[in-house]
Structure formats: structure tokens, C-alpha cells
Amino acid sequence: MFELPSGAEIQGIIASVQGSVGLFIPEIYLSALFMLLIVVDLVAKGRKNNLLAITTLLGLAGSTIFIYQQHGLPAGEIFFGMYVLDEFALFFKYFFVLSAIVAVVVTMADEQFDREVKSMGEYYALIVAMVIGMIMMASSADLIMIFLSMELVSFTGYILAGYFKRNPRSSEAALKYLVYGAVSSGLMVYGFSLIYGITAQTNIIKISLELAAHGSDSLVMILATLLVLAGFGYKIGAVPFHFWSPDVYEGSPTPVTAYLSVASKAAGFALLMRFFYVAIPHGALPPEDTLGIDWLSLLMILSVASMIYGNVVALWQKNVKRLLAYSSIAHAGYLLLGILVMDQFGTQATLFYLLSYFIMNFGAFYVVILISNKTGSENLDDYRGLGKKMPLAGAALTVFLISLVGLPPTVGFIGKLMIFSALLTKGTLYMWIALIGIMTSVISLYYYMLIPLNMYLRESKSPDEKGMNLALAPQIILAVLMMLTLYFGLFFTPLSDFAKYSSVMFGITLQ
Amino acid sequence: MEQLTTIGLNHYLTISAILLGFGLFAVMTRKNAIVVLMGVELILNAANINFLAFSKYNGGMEGVMFALFVIVIAAAEAAIALAIVINIFKIFKSVDVSSIDSMKE
Amino acid sequence: MLSLIVFLPIIAGLVILAVPSSQKQIIRIVSLLAALAQGVLAVLIWRGYDPSLPGITAGAGGSPLGSFQFVEKVPWISLNLGGFGSLNIEYFLGVDGISVTMVILTALVSAIGVLSSWTIQKQVKGYFILYNLLASAMMGCFVALDFFLFYVFWEIMLLPMYFLIGIWGGPNREYAAIKFFLYTLFGSVFMLLVMIGLYFSVTDPATGLHTFSLVAMATQTNFNVAGAIFAPENHLWRQIAFIVLFVGFAIKVPMFPFHTWLPDAHVEAPTPISVILAGVLLKLGTYGMIRINFPLFPEVFHASMYVIGIFGAINIIYGALCALAQKDLKKMVAYSSISHMGYVLLGLSAGNSEGMVGALYQMFNHGTITAMLFLLVGVIYDRAHTRQIDKFGGLASYMPVYAAVVTIAWFASLGLPGLSGFISEAFVFVGAFSSETTRPIAMVSVLGIVFGAAYLLWSLQRMFLGKRNDDAAYDLVTGPDGHEHIHFHDWKGKLDLDGRELAMLVPLVVITIFLGIYPMPVLGMLTSSINKLVQVLSPVVMSQM
Amino acid sequence: MHSLIQLSIVVLLLPLLSFVILIFFNRRLPRRGDFIGVGILGTAFGISAYIFWTVIVQTYDPAFRIAWDFTWIDLGNVPGVGPLQIKMGVVIDNLTSIMLAMVTLISLLVHLYSTGYMAGDKNYGRYFAFLGIFTFSMLGIVLADNLFAIYIFWELVGLSSYLLIGFFFEKDSAADAQKKAFLANRVGDIGMWLGILILYSQFHTFSFEQIYANLAAGKFALSNAWLTAAGILLFMGCVGKSAQFPLHIWLPDAMEGPTPVSALIHAATMVAAGVYFVARIFVMLTPDALHVIAFVGACTAFMAATIAITQNDIKRVLAYSTVSQLGYMVLGLGVGAYSASLFHLVTHAFFKACLFLGSGAIIHAMHHEQDMRWMGALWKKMPWTFVTFTLATLALAGLPLTSGFMSKDAILAGAIGFAQAEGGGIYYLIPALGFFSAMLTAFYMGRQIWLVFFGESRTHLKPADNHHQAHHVHDAHAAHGDAHHGAHEVHEVSWNMRAPLVILAALSVFAVYSPDPLDGAKGWFMKMIPTPATVVGEANPQMGSLAAGGVTPQLAEVVRTTEVAPPPVAGEHAAPAAAHGEAKGGHVYSDPRQAEIVHAGHAAHFTAIYISSIMVALGICMAFVVYVFKIIDPEKTARLIRPLYLFSLNKWYWDEIYEATFIKGSMAIARMLSWFDTNVVDGIVNGVATLVRKFAFANDSFDRHVVDGMVNFTAFTVNTTGAVLKKLQTGKVQTYVVMLMLVLFSYFVFYFIRLIY
């Protein structure tokens, strides 16, 4: 039943593949970097030096050049609709590469690696692999690509989470991540299969056309929707698909935690947005969808649940990493708010929020690492009196936390401002959900402030007043991150213009 | 009658649904990590059956391709999973998933 | 000019950042200089201010600057929001009669606060950095005419306050600090939503774009975006917005029943912070009402005058009665400021010029007088390490100067004619009584006068008159000259007020007396703005809109 | 600006100057600067004497009135009102100039007297400073031309009284007394303030002149009840200051202050300010308000008199007699005997000041012995004091040929007239009480004279202990007291304390005020201070608006007076004079009611004289019977009517009643509220949180701060939800999967159901 294609067709296929490859350079470059790193690792066997790290940094930095070259290229599909190239994807390419760079920097600062593992081995290679996977997540326009890229990210994630082989918590994290991730992706793929069954298409644009044209049996559709959502939700770590994240975040090496909580979450959002906007045909106004499925209320439930659950449970945490994990759940909720609005402003707000989250969350984790380097603990009680011993770290952490709460003059405040503005442009429609967002952010103030409270308001149990002064490099990095948090809190035009520029998605025009 | 004699789409779907159910059941109830992972495999294969069936009845090769990729992914997953489980066994001297809960709340 | 007065303290803070933390004296002097420079600027602004220009809303020609003075307006942020035009935030500073008085008050109080911070020994560097940050933020709130800018300053205030109470406070400081922080934040976050909603409901007639400019918002005709949340026809949401804003500001005032953070904060906070808190921060609440809450939603204000008045009366009497029952002197003073801020609310609720002028003037006077009260409490606390009223007695014989200043401050606080507090309270009552709506409320709240006198005189007698109590916090010793002196345990300094304390107190005393005899220097700056405001709020204007 | 105005302002400011100088520099000046105080007051008196001369003697014109004011506060162009200014100003008319002279004179004498009496006090300088600020504020009240200014100085007077009562603040009794005085006055002031507010809210002005003009023009929008209320509320101010029932309680305690202060403030000037104020607002008082005032006055006069008869402290007797006399004045105003009560104000000021200074001299000589039971036989030891004191006593008791006789008689006559005019009945109670009090006055003053000056010295009878105490409570006088410790020879006081006595006594003679010892109405005083026409008619507010044709009511009315009033001829026979006055009253008063009262008052003139003379005679006889001839033994009588005796001795138990009700009550409420504040209002927000802490995480400081920190009203919910929700995170990955499936399934079911329905 399948007849072989004719020569002319083959020529055309080859031609388009060649054309597509031209638009695929950053990914190819990164894959090459991945290989290179493995080789370098083999060469520099066992020796503990920053060779790998430096190579990774340079390599990643180099990749930005290729990404930059993709500006101005016409948005379009490549590889027969498997993959798209648009500003939206570009944004995330930058985002992931940058986050990988920061992750590497953070890793270099973390002394736990020296204690836990003999050699950095394939660690950096995995980081890069994850970057590739995430970039593809952000750009894939076909169920198959989506699945593959997600799995790529997940697998690297599993390994990174369990990178401290001898550390029970790390291994436990890996196992939980693995099981939970496998199940969710399995469910998602099952959902895909149903969608494929309904529409006979795997390209999301075609799917939406198909659905718009013929509609579907809504019962099957909701089933498929829920299953797919389970997969996406697991990536963005939103309630009720969040269960893995606290344990994994707590157990994994801190740089990995930071990386997961920022980058992989962002990747999940990229995917969700593309799928939600493109694959689902929407009616004129957000609430009414052509399919009988009320995606909006689904996402609303997710977002409200995430905001409330994340913030409320975070109140009880005694371990800073775990606390930040719960807070990241809450932030997933805030990000979902931006998606709900489902217009160009909402997208812009979401992207902006991702950027702000990138800065402040990495900053926070960085300080956590520096502190645990000195104190060897991530418990709140061990933070007592640190404000005096490590003034810069303390100040920086305070700034990051304030930004996470969303108080001016920090970038976090602007993020919240834009999200809520996006909600309120729809008049009173989303007022109540905005109110919940506000309420929960008040709650969040409390547990975030617990950290400065311990650092400044309480005396350390071991009253040795010798200051723990940091090395120069970490100080500079901290200072830079802190400055950025404050600077973009006051002059956020560049970021938000970038977000605006990137809020264009192939296959759909948001009003 | 015709329903019984000729195998139709619904049969495949039913099988895959049952398979999915088994997989989930295994994941949720079994204690042994290996068995849990087998459950995951079942889930993936349930999806595979769907893809193939739909591909057969809708025409078009995407389903087949998808199934192929899923199989590959499953293999890779199994590899990683086994590595992790072995590591777990090294540390905890057991592969009882339900007993590994040092991090909670 | 205004930018300078706002950011001077921050600059000082940066300078201090560079100073090694061992150089305590230098740090102190730097911030003192900054505060003094601020004072000089404040005087310049005061001299250069033209009291005939009303301000409040856009000028006659609908000029976006209105008749504000010292205006600085530069586009700060302009975002392209695609379908929604653009987000225009302006760096928009300016003063009118309402804010210029507050600017002067802020400069004065923060300078005095620096002086009284001299005794801070713990982590001086951090203290003064935070202090200067706080000073800047307060000043910024009073001069900001862009809602976004105002909000930024407003929120920036919280954090330094939190640490200043939390690190340098009393034994129960953590609790007080977090309580203050959560209360005030809870009040302000909802403001954020209203702010955004307002932005999308208002356009600036000059540019036709959405704007955060409070000047534009103060003109009802600018609420011309069809179907926006706070469009004039959207009564429900306008009411909700009014309530949200009002609660946000009322928490700062603090208004019953949102006042419970205040006594804790005051009791725990170190003296200079109490001075700042009572002297300036509380004013921000009522200032916010006048600048934002009322002119933006005049019709709701009119509907709720009665309620505001009742809350004012509750504050007055409830605060006074609570003060009457306190044993801790500082707590008593804290409750007294709840009572006095009640007068401000009452005056505002009157909605006529007399009442509003009274309220504004009361804000100014309460700032100076309460600053004095807290300083005096601090003086005795430094010496005796206790604030229990019954641990003293007969102090007047041994610390005559202190007793004299206390007497003046106390009588100023109970509204004795010839001292500034009286005139403001008198005008508040005059106004409240003149409007039919609040007349009964005024008649009730007059009781506050007696209770106020009661607790103040009571504490005065218990601490200063009569003889030393048996369980007093000090001993009687007979000095070499044969006279009896008192001796505080572990207090080395001068028994009576020393130079620094006098330097803080004397200016305040002089101001209090002078403004009590001749109030026009302050009132003169207020009146035209107030009359304009009353006009804006009057139902006549609203019916025209 | 008229030269008199300038002078009066100088008079006003001089005492302030003395205050400023003395408060800052008294320790640096020789003699603590008392000469400055005396000198400045001397100047002030000189100037005001000149004013008095010009106004009263030279321009002998009842209508005399000059005023000047300046804008104090400018509220700009107020919406709904138009340009609005608060003015401050000075008005000088006959009453003002008389009061000026009186106040400055008495203040001067007291200054002089104090140089002797207060000598050696450790706060000597500060004392004169306080006297200065008091004089300043008192003059302010006298000169003010608007309600706001009066209120300001009113409070300032209260302040200076507070400072002076508590001058010996080491004494707890003094500290209590000063607080009591201030608070009692505050209560009165509230009423006064409300009254002012009522008027302001109508006319947006505080100035008497404009308010009356508006009232006369019938611009008062509210109902007449409001006007009456305004009158009564304003009167409350007087109730507080002039120690009228029921706020009289503070005045006797105020005797804790130095005796000269009692003379100046609590007898002569400040307490009279209340009466002066009522006189100022007299024209706007509605008949109902006047009735209230009259009854309050009568009750006060009677009650105070009954209390005075049993007191043993020499100063307390005088204090209660002061209250009683103030009652007379208020009564007089209430019944419409305007001139008479002001007349009594002045006369009383002089003879009561004399009495107090005399008692001061006695106390001084007796080394701070205040209890009359331990005095006696002082007349030959202190002849000057004796004579002046007796003279003043006669004036107070109201014997003929004294000033007190004329003024009190005029008031009582007015009272009778009022009763007749009002149609008798209950209204006769007022003159009745008046006359009865007159008798009591005579009685207790006779008692005092006898106990103090006659009989034999009872100093040795005094129980030693509280005698000793008497020395020590006055450590203010340590120096003086210790000098003559033990040695108890009583001697006449020095000249600077004697001179004031003499002057004041001289001023208590009838000749100063009227040529006819029987009729004050013939005197210059009552001619210069005619009753002004009311500006409120009960029927229609237009009544008396004929007076308000641009000129003020008083003016218009008096103009009509003068055109008919012939120059006063001394020695003219009484009856025609009364008739004449009556005729005059006939067509003077625009308000028939006033006219009738005055008419009847003049008619009742001689009735009043007869009755009061009889009453006074009775009183004196009783005093003689009881204390001189010892026919009735006071002790026995006291035991005989013990309840009554105790009732009077304990001042009708007013202090106890107030203590039990208002003071205890408000303190109880206060404690309750503060409990409510800390436990309920705050409890709502964090009490629940505390509960959670209590039985959940008591041991864990971190959680304690979690819970404590959650100070907002969602604390409880948020915490518990958090505590519950976190249990979901079991740590077992399989339960996670189960929950995931549950969620999916439940939503699916939910959707399925929604699909079906």
C-alpha cells in the first residue's frame, strides 16, 4: 500500500533536507560540542581540572553566534513540519544556552562535587545534551519530535539528578524522577496516540486544522488532553503533576536543581505554549473553544492549585533547597496565568517572567551553594547569623528573595506586574484569579523572609565571629546577578522588548 | 457476528487499553523497582499498539514511525533505568521502591 | 531639586557602603550631613514654593503637569505591548500644597532621626545604610506623581523598616518586624491590581495614551476608556477599588481594626525608628488617601464619608482609652498616635476645607509632636532601661529640664492652645461639625479630648510629680553639695538632657510653639490645594463630569 | 488702630514678657527676679488704670465700644463659603476696661503679697513666671473679641491654674488636685467647644459681633432647640471654670496651691471668667437656656453654702463661699440681672481676694496652720489683718454700707423680679435659695471670724502628730518653717503683705461704687454696664433685628438708653429712681420678657433689701448664739443631726460619687478595651496562630516563628492547609503515581458527568 517515492520526489526531499539542515546549525553545533566534550573527557581522564568546564563554557558561548545568525531568517517549518524556526524558538534557544552557561558556572562554584565524585566525567556533556533536548522541545512542531525531545531532556535529567552516585539522596531523587517521569511520558505518548487516532496527523498545525475542520468525539479528546497534559504538567512541575519535584530538587546536586528548576521548566512551558496555542483550535474569545473542551478552566485549575499549594506548603519547609522547590511550583502557577490570557501580551508577560525567574532563581541557588560550601548544610537553622559572616552573600540572597516575592524594585516585581497587567487587560474576567495570585504572593513573602530572618535577626548558634569571606570570582558573579536583578527591576525595557519580539509563534497569530 | 469474526480497530484499542491498565497497575502496586519499570514498558507498548492500529486504519506512515521511535526510546529508557536501579541497590541494598522515601513532605 | 532631595540619602548610603564598618563616627557624620543637606533643600523648596498654585489635578488648560511645582517629568519606561498600545511609566515628581508640607516634615524628622541614632552601637554601617534607604523611599512617596513610581517607593520602604525593627529592636523584635511587614504588604499588594486596572482605565488627554500619572487620574473626565474596569459607569468595581485602596492605606495609618501592628512595632523598635515610624510613615497612609484614594474615586468617597468618619471617631476614642490603660510608657504613646491619627481621618471624612486643612495640619503637627514624645521616651529608657510608668515618680525635682520639655510635649499632644496640636484638632472638629454628615460623629469624638488629657496628665503625674516611688528604677543619693540627686544604675551620661538630646528636642519644641501661635507658614501652603481638592471632591463637580 | 487698643495690647503682652523672662532667667537674676514680675505688673496696672480712666471716667458713655482685629488664619477661597478668614482681635468697652483694671490690680497686689508670702521657696522665680502667664491668659479672655480666642485663653488659664495648683508638686495631694482641676475644666470645655462649633457651623465665623448680627438677622438655619443647646453648651464652659454644680468639685481641692494663688485665681479672677464669658454671650441665650443657668446658679449657691458651714480648714470655708458667690453671679445672669451679677463679680473679686490674702497672712503667721479649730484670739496679735479681714467678711456677708450688700441685693432683687415675671410657682425657688444662702453665708462667716480672731488661742490643743505633719507637707517652706521651728509666737505680717489687704479692704466699701449705700443701680457701675438687648426672640428670630441694622445690638440698645438717661444726680431719692429706672427699662428693652424682668426687679428692690437684711441678721445672730454665747453647743447639734452634718462635712459626697462612677468607670472601660485590643482584635489575627503553636510545634522555635509570623487573618487556614497538604508528599513515588492517576480519573469523571447533563 505504500509505493516508493519517485526520483523527482527524492530529489525534492533531499533538497529540502539540505535546506533544512542550513536552519539546523545551532543544534548540530551543540551536538558536536556534546561529542567533543566526551572526547575531551576521555583525554583528560580522571584529572580534576576545569578543562571540561572551560570547554563547555566556550562551546556554549560559541553557540550563541550561530543562534544569532538565525535572526531575520523567515519563520517556517523545516524537516517536513517536524521542526519550526521562529522568534519564539529563538528566544528559548538563547534562554537555554544561557541557563546552561550559568549552570556550568554554578557547578564550578559547588565544592560538593569534589567531595562526592571523582571525576566530572560526562556531567558537562549531559548538560549540553539537555540544552539540545530543550531547544528541540521549544522548536518541535510534531508529536514525534515533541516526544523525542522531551525524552532526551528527561533522560539527561535522570542521570544528572543521580549524578552523586554514592549519595543516597541523590540516587533516590534519580529513581523517583525516573519512575514518575517515565509514567508521565508514557501517559503522554498514549495521549498522542489517541490524538493521532482522531486526526491522523502528527504535525500540530495540521492537527489543529483537522480538528477545526471535523471536530472530534469530545470524550476521547478530553482523555487525550488529560494524558498529554500529564506529560506537560510533569515537565513544568505544576500541581497536580508536581509530586516529583520537591524530592528531586532536594536530592539532586544543587546546580542540577537550579538547572532543572529553571531550564527544564522553561522548556516545558515553551512546549505547552506552542502546543496549547497552535495545536488546539480556539474560538474568537478565550473561554469558548471549538472543541467541547474547556482548556482554560483546566489551566486555571492547574495554575490556582500550583500557586496555593506551592506557597502554602513551602511555609513548613526547613530545608532551603526544598523550600525553593516548592516556591518553583508556585512560580509555575504564576507563569500559567500568563498563558491563560492566550494573547500576545500574555505570551510576552510569560516570557518576561521566565527571564526574571531565570535571574533570580539561579541567583538564589548560587548563594545556597556558596553557603553550603561554607557551612555544609542547607538547613534554615544553620543560616543563623550568616548575614554578618557573609555580608555580600546575605545581601544578594535577600535581593533575590525579594525579587521572588515580587517586590519592587526588582525584576521579579516587573514580572508579576506584567502577568497581572495581561490578566487585567481582559477586564474583570480574570480578576478573581489575579486576586488569588496576589494573596498567595503575600503568603510567599513569609517563607521567603524566613531566610533573611535567620540570617540577620538571629544570632548563630556557634558564635565564632570570623567572617567567611568568599573568593573573588563568586563575589563578582553574585554582584553581577544582584545588579541585574535590581537594574532590570528599574529599566526593564530591553528584556520586555525582547520578550515582545519573541512572542511570535509560527502557525498562529495571537491578537 | 461480523464484529466477532473480523478483527477491527476497536479490538486493538481494547487490547492497548488493557495493556495500559496492566502497566499502570504494575507501576502502582509492585514493590520491586524492576517490575515497576516493566510496567512502564507496558504503558509505552500500549501506546505503540494504538499508533500501529491507527496508522493501519487511518492510512499514512506517521504511526509506524512513531511506534519505531517509541521502541527505541523505551530501550534507552530501560538502559538508564537499569543503571539507576543498580546504583540504588548498591546503596540501599534493596530495590523496594516503596521503602525509598527518605525525602518527604 | 526633588530628585536630589529624594536620592541624597541613597547617595549617602552608597558612600557609607564604601566606608569600612569600623569607622562608626564617619558613617554617622556622613548620614548626618546627608540629612542636613536634605533639610537645606527642604527649606529651599519651602521658600521657592508658590502657595497660590493649587495642584491636585491637571491645570486649567488641561496641562498634564497641572499646577504642580518643581516638576520633573521624564519618560522612564515605555513598553510596546502590541495590541494594548504601550506601557508608559514616567519618572514624574512634583509637589503641591499637600505634599510640600510632608516633604518638609520628612526632611525634619529624618534629620532628627539621624541624631537620635547616634546611640546605636550594633552594626552601625548596616543600620545607616538601611536608614538612608528608608529616608529616600519616604521622601520619594511624597513627591511621586506617577502611581507606578509611588508604588515602587511605597514598597521599597517595607524592607529597611523590617530589618531596622528586626535587627535593632527589642526582645520581641522578630515578631514585631514580621507582623509589620506582613500587615503592610498585605495592604499594598492589592493596590498593585488597582493600579494596573487604573492604568487601563485612564488616558492622558495630552498624549491620548494610557498613563500612570496621578495628575491625569485625578480628573474624572480622563476615565474615558470604554468598558475598562474602573470606567465611570462601572460602579461596583470602582467601589471595590476604593475599598481596596482605602484598606491598603488604612493599614498604614493605622485605622482600627488594622492597628494592632503599631503598638508591637513601636514597643520593639529602637527610638529613632519609632520616631520615623510615627513621624512620617503613618502620614503616608493618610497622604495616600488624599493623593490617590479620594480624588480618583470621588463619588465613592462621598458615599463613604460617614463610614470613614465613624472609623476616625473609633480611632480617637478607642486609642485614647487603650492608652489610658497602658503601663508601658512607649505603648501609651503608640496608642496615643492611633488616637491622633483618628483626628486626621475624622477631618478627611468631613470633606470640607476646614476639616481637610485640619487633617493635613494635624498630620504635620502629629509628626513633630509624636517625634518629640518618642524621643522623650527614648531619653528615659536610655537612662532607666525600663519604660514602666510606675517605675518612676518625682522626676521633676531631679531632671527639671527634661520635665519641662516633657510637659510641653505632653500638653502639645493633648491639644493645648498655643501649641500646634490644638489648632489642627480644632479645625478637624470645626470641619467635621460643619458638615451635616459627620456632625454627630464629631459630637461623639469630642470625648477624645478629655480622655486624651486624662492619660497624658495621669502619666505625667505618675512619672514626674509627687515623690520617688519605692520600687523606682533609680536610687536617691545625697550629693556632695548636700542636695538630693537621683542615680540610674549603669548610666554614666548626664542626668538631665545632654547636648545631643537638646539639639533634637529644641527645634521640635520651637516649631510646636511657633506653629501653635502662628500657623500660616504651614496652613498657607495648604489652603489653595485643599480648596481645590474639596472642589474636586464636591458632588457638584462630579455631576458635571 | 485706636490708641487704647494699642495700650490694651501692651497690657496683654506685658505679663507674657514677665513670664518669658522669669521662666528662662529667674536663677540668674537677683532675688530670682521677683521685682521684674512686680514691676511689669505695676506698669500693666498703670496702663489699664489709664484705660479705665479714659473709658469710664472721661467718656462716661454706656455705649462705648472700640474694636480691632486682624486676620490670623486665611483659608483662602473656600468652596461653598467663599473667602474665609479666622480673625483675632481686641474689643474694649466699659466691661473690658473695668475687668482690665480689676485683674491687673489684683494680680499686682498678689505679686506684691507673694514677695513676702513665698519668700524662700526653692522655685520662687518660677512661681512669679507662672503668675505672669496666668495674668496674660486672663487678660486675653477679657480682651478677646471672638469665641475662638476666648477658648484659647480659656485653656491657657486652665493650664496656668494647673501649674499653680500643683506648684508644690512633691505633695501628692497637690498633684492630684491639679490633675482634677484640669480634667474637670476639660469636661466643661468640651461643652463650650461644642457650643462654639454649633455657632460656627452656621455662620463660619467666631466673632461675637458677626455671630450676633447673623442671629439677629435670623440667619440661624437650625431649629431654636439647637440655639438653646448652643447656649447651654457654652454655659458648660462657665460651669467648669466657675466651679458651678456639678463640676464644682475641683475648686476646694485647688486650695492645695499657694494661698496668694488661691486669692488671685480661685477667688478673684479666673473663676469669675466663667461669669464674664456668660455675660459676653448673654445676648444669644434663649429663655430656656437662661432658666437652666439660673437654676444651676441657685443650686450651686445653696449647696456650697451648706457645705461651708461645717468645714474646719480656713481656706476651704472661703473656697466654698467662693463657689456659693459664683453661684449668685450665675444666678443673676440666669434671671437676667445682667448688670447686677457683673457688679457682684467685681465687688466679690475684691473682698474675696482680701479674705484669701488675709487668711494667707494668718496661715503664714500660724506657720502653715490651716485648721480654724486650732486658732483663736488673733485679733490683738494681727490687728491689720483682723480689721481688713472683718471688713471683707462684712462685705461677703452682705451687710449694708459694703459693696457686697449692693451687688448681692441687686441680684436678689432681679431674682424676685424674674420669679414674678415668669409667673411665680417653681421660679420662686430661685430667690428663696438665694436668700437662704445669704443667711448661711452670714452664719459661716461669723463662725469663721469668731473661731479665728476671738475666744482664746487653741493652738496648744492641737494633737501633736498631725501638727508636726503640717510642718512637713509644706517642705516648700522648709527654710522659713525651720527658722521658727518650735517657737510659735504669732506676729503681724510684713508691710508688703499688709498693703494689699488694706487696698482690697478699701475697695470693699460702698462709696467706691455708688453714692447711695442702699442702691447700686445709682452707681456708675450699673449705669456703665447696662443689660444688652437679646438677639434671640423665642417667637420669631426677627425680634431685635431692628437693633441689628448694621450696628450691633448692644450699641443700638444703649444709644436708645442714653438719649433718655439724664446725667445721674447723687442723693436722688430711691423710689423715684427705681421708678425712673423702671420707666427707662420700659422702652429700652426690645424684648418684652427682659423688660418685664427688669421692671419687676426694680419694683422688688426694697423687698429684696428687707428680706436679705433680715436673713443676714438671722445668720449673724445664729453665729453669735452658737459661737459667742455658746447657747447652742455645735458639737451636740452636730451629733444631734449627724447625717446632715456628715453630709455637709463630706461635701455632699460628690467626690465619692464621681470616683465611683466616672473615674472608676472610664478606667474600667479603658482596661477592658486594652484587654480587648491585645486579646481579641490581635487575637483574631494571631491568637489562633498561637493555638496552633501551642499544641502543634511548641518545641520548635522555627515553627513558632512560622506561626507567629503568620500575622494575618488567614494565618490559621493557611497553616493548617499547609500542614495537611504537605502530608500528600509521602516520599513514596508510587503514591505519587496513584495520586496522578486519581486526579486524571476524577477530572475525567467530572467531565464525563458534565457531558451527560
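Annotations
In order of appearance the chains are A, B, C and D, and numbering begins at 1 in each one.
The rule we apply is simple: contacts are C-beta pairs under 8 Å (C-beta built on N, C-alpha and C of every residue); 3 or more make two chains touch, one makes a residue touch a chain.
Keep in mind that what you see is a predicted model, and the values were worked out from it rather than measured.
The chain with its Cα centre farthest from the Cα centre of chain A is D.
Averaging Cα coordinates per chain and for the whole protein, the chain whose average falls nearest the overall one is C. Chain centres here are Cα means. That of chain A falls 44 Å from that of chain C. Taking each chain's centre as the mean of its C-alpha atoms, chain A lies 27 Å from chain B.
Mean C-alpha positions place chain B and chain C at a centre distance of 67 Å.
For this pair, chain C with chain D, the centres built from the Cα atoms lie 37 Å apart.
For chain D, the set of residues touching two or more other chains reads 705, 709-710, 712, 726, 729, 731, 733-734, 737.
In chain B, the positions touching at least two other chains are 24, 27, 36, 97, 100, 102-105.
Contacts with at least two other chains are made by residues 175-176, 179, 183, 187, 246-247, 316, 442, 446, 449, 453 of chain A. Every pair of chains in contact is given here: A-B, A-C, A-D, B-D, C-D.
Residue ranges of chain A in contact with chain C, taken from their complex: 343-345, 348, 388, 398, 402, 407-409, 413, 416-417, 420-421, 424-425, 427-428, 431, 434-435, 438, 441-442, 445-446, 449, 452-453, 456-458, 491-493, 496-497, 500, 503, 511. Residue ranges on chain B touching chain A, taken from their complex, read 13, 16, 20, 23-24, 27, 33, 36-37, 40, 43-44, 46-48, 50-51, 53-55, 58-63, 65-66, 69-70, 73, 76-77, 80-81, 83-85, 87-88, 90-92, 97, 100, 102-105.
The touching residues of chain D, when paired with chain C in their complex, are 72-81, 84, 148, 151-156, 159, 166, 169-172, 174-176, 179, 182-183, 186-187, 189-190, 193-194, 197-198, 200-201, 204, 666-667, 669-671, 673-674, 677, 681-682, 685-686, 705, 708-712.
Partner chain D is touched in their complex by these residues of chain C: 174-175, 178-179, 182-183, 186, 256-257, 259-261, 263, 318, 321-322, 324-326, 335, 352-354, 357, 394, 396-397, 411, 416-418, 422-423, 426, 429-430, 433-434, 439, 442-443, 446-447, 449-451, 453-454, 457-458, 461, 464-467, 518-520, 523-524, 527-528, 531, 534-535, 538. Put simply, chain B touches chain D in their complex at residues 24, 27-29, 36, 97-98, 100-105.
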